[in-house]
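What follows is a set of structures for review.
Okay, so subunit A shows up in both of these, paired with subunit B first and subunit C after.
And now, the complex of A and B:
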């Protein structure tokens, strides 16, 4: 008996190996088409753009050596560009902060209500995601118009709260409102899914032990929902930082963001290397936020283990 | 599964949520209301009721051409994304090989990368290669940004498929292709459909990649709308926007029917 199994062991392990090989080889091959496609049309162009940002453009518009970091130093030295850079960071940060504060109530109600309420909220939160950003920003333009013809001013003036129309459109506030509207679902959905995973008994325990509702939230719900919070924050921040349409429609010439600056450099000024450099700055901002949030989540995991 | 909300905090939460629902729907409602306004300028409050702006945009050649182009582009993009995405999803769930996580990160990376830069980089490559047809360029760019959605949706549903059924089919003598076609595909059909619908809608609405690759001859809907928005001030712009909203609502209803909205959003 024992000699039998000994004789069988190498044969069966060889069989397993052979099966594994047969299952594995074609499986990898299935990913080849998309890898080739992305390599040619996504990875290569992205790296190419990085090199482009280090080249010089001569008076005739020909781009070539010498290699230089001049575009980057120019970006961080010229006041105008620096202001756009800070605008972008500020708008993205404020938008994601509001998304967090307003996302929690919605996500809590969504994950702790009956099927009808929960489904209705999901429908209202998700549906606008599919409507073009152009249409949604345009809707906000109609609401915020700086004359008595806008919905907001008309309503406030009819009630008599204000006598002069407010000037919200073409400001950072308008861009934040529009971005919040566009990317709000990106905060609510991960939050709701994180909240749904929390054991309700934990909150009940805290409540039974006499903690008021705000303390239950701060000490139990909030810490346990951090993964959803970080995921939502990263998404909202990255997407807002890379927006183009919303600042054009709602920000006008005052609340310009990096995306608008890139478009201007390429389509209006035709300064390709400088446009590429600004694009790389944008990529860097987005990567930094993603890395930071990943570090944050990993740190949490290690702490909970120890 | 979770306990219902109760206590004094609950009413505050419900109130804030209700306000936010109004916040979400308001800009869309305003657009729809303005589209039937019987006035020559878009200004609040809307006056009377007319459908003449819809009549106007139905004769607008640019808008109709854009609708046709966007529909065709979104359809071809969806096909391309499925063709590249489904095999990739199978590789990610069925095979086991070194670097699988890396592969997953690579194929999903267009999701995190700023789309604006994706489009710019691609335009630079394509113009250097001398590829002149904007429609082909748009198709390539849209497949880059939509394929991760297909992969994610198909991977999610492949993970739910019962391996035993596939094994049983193989044991009974079906070859790999037949097993996939008869056993796996029917089970992942909702995921494939959701992925396809995502790809279609993302392509139809895409602006940040489209803005670099389109030209004056071939401009998809979002670009045409943006141009109208800057140049035209009558309610035909809200009417165009309403058409887009209606198309989106139809898409959402199909998605809800196919997989349920919460599940689809989690993909």
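And now, the complex of A and C:
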């Protein structure tokens, strides 16, 4: 009896969902306030920004016509800007990659443990978000300082692993470490949620069919957790690419990112149209990478059994 | 397919000092189908998962063809397992699902394609190879799972509540189909079920489990007709149980009397027994009208009872009766004429009797 009703449950719940969707169409109205807010305070300024990036600034600093693409060509022709562009992409991709590799084991443990263990791990993973990004970055600075007094260098040198202090601070590595620290929960939480939805019988079944643990992971767990992976990757990549504080404090002049470049153009150089153009490039890159990753990872064939 | 013998030797599994499976020893004949039957929590699924290698035993051994596999990891055991909810890989087509086990064994593409095709024919799904599991009905998913488990030519096939998720009609036809396929392939099969009909229909031998222990092992007829305990007698079908005292012996025949003044003539009572439990299956009990005549006195296996309720179930009716001392009695009787069941009034006195051979003495509680 109970197993019969279990079998019927998915079909009937889907039906219920469909009916609910049709009946509660006015519920869409509940989303209106935030949509209006975003329209006024995000989409309108964003479009404004797009126009700004196409205008010219005269010698007196007045922004106006004629319309031009000169800011964009300048961005892609000057080596310095291009280098910052590639820095940003590289740091964001490396951070996301590390988040994936480090995130899977944590997410797997979270999805397999009881509520107490899994909530405790979630709390620990989320904890860095409680501390301000500035404080946290200065903390990392103290750890990574490029002199023998830095915590990391001191520790490694006292154990005898290295004899000369490492120069990690003010490098891309430092920015990756700092970003990973903050954005790690953005990878782990969606991943754990996706893994939790995988029927444990699927993995057991793969094992009985002759798959060792790593093949079970590659052929069953990984492909079925792709929705969580895409969500996590999108979040970590976008957030890292838009970083400003972390590269300033940990990256110094060597690991400058697009966010820092925009800040310089707006507040130091006062070249608003060029700053706007860089901002547009950043938006487009993040958008393109996210779209691409979704296509690539989800593929066309993925279908879920309800 | 070459059939393997499976042997469990003093197999136990403890979870935090609670025994899920307690000292189970069992030999499963090559090519036979054995059903582990019992209520939920009796340890039957743990037993099955230990044979599969998904749960490691606390003590005891598992042998396949006299070879000890207790410590062999799951993926090296060559076992086909059918999971309760089929566990089809949702991101793979039917063919890819079936080919998974072959792929893991490093079987070449051409050979694999041929064997997948053969497996699809076997479960009559030849045209469904390109579909995804979500596009199949429950019964079709079940057959894909079966093809996937069989295509690797497993030494042992394990079925975990294989038909539990199907609706009744489909379940019955799948029981017959699965059984026929198992016989044809001759693969040694262990099935777990809580459904007595499924066990009776499909298994060569039934293993009744209770609280992690074996309660009784035997063929369907042995288990049903000669239950070893009260638990088996009531778990498989219904039973009328009478507590009685040995009154006198007359050669092999013993006369037992119960509190309600019922006397039972019983075979096979142990020589030193005084208090015994006798079970009588409801279908053995014949209900007749008194028709005003006085009830017979001192006739064995016969007593007057009162009708509590009659439930019409189509070809049979269930009679719920009450004896003088308040003991309840159930009788199942085939409906011969159209309105025989309806003709009994509640509270009407009737005479019930059964054949001597229907009395079975239960050895233990």
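Methods note: the second predicted complex is superposed on the first by the 254 of 306 C-alpha atoms of A that agree within 3 Å, B and C clash if a C-alpha of one lies under 4 Å from a C-alpha of the other, contacts with A are read in each partner's own complex, and residues count from 1 in each chain.
Keep in mind that, in the parts below, contacts are C-beta pairs under 8 Å (C-beta built on N, C-alpha and C of every residue); 3 or more make two chains touch, one makes a residue touch a chain.
Since we're looking at a predicted model, the values are computed, not measured.
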item: Subunit B versus subunit C as contact partner of A:34, first or second or both or neither; value: first
item: Touched partner set for A:168, first subunit B, second subunit C, both or neither; value: neither
item: Subunit A residues touched by each partner, larger count belonging to subunit B or subunit C; value: B
item: Which superposed partner A:55 touches (first subunit B, second subunit C, both, neither); value: neither
item: Which of subunit B and subunit C A:219 touches, first, second, both or neither; value: second
item: Touching partner for A:206 - first (subunit B), second (subunit C), both, neither; value: second
item: First, second, both or neither for A:229, with subunit B first and subunit C second; value: neither
item: Set of subunit A residues, in rising order, touched by both subunit B and subunit C; value: 204
item: Partner subunit B, residues of subunit A touching it in the complex; value: 20, 23-24, 26-31, 33-35, 37-38, 41-46, 48-49, 52, 102, 105-106, 108-114, 118-119, 121-128, 130-136, 138-143, 145, 149-151, 154, 181, 184-185, 189, 193, 196, 198, 200, 203-204, 213-214, 238, 241-242, 244-245, 248-249, 259, 262-263, 266, 272, 275-276, 279, 282-283, 286, 290
item: Subunit A-facing residues of subunit C, complex; value: 52-54, 73-81, 83-85, 87-91, 100-101, 104-105, 132-134, 138, 148-149, 152, 158, 161, 164-168
item: Residues of subunit A that touch subunit C when the two form their complex; value: 3-4, 6-7, 199, 201-202, 204-212, 215, 219-220, 223-224, 301-306
item: Residues of subunit B defined as touching subunit A within the complex; value: 1-5, 7-9, 12-14, 16-17, 20-21, 23-28, 30-31, 34, 41-45, 83-85, 87-88, 90-92, 94-97, 103, 106-107, 109-110, 112-118, 120-122, 124-125, 140-141, 143-144, 147, 151, 176, 201, 204-205, 207-208, 211-212, 221-222, 225-226, 229, 237-238, 241, 244-245, 248-249, 251-252, 256, 261-262, 264-266
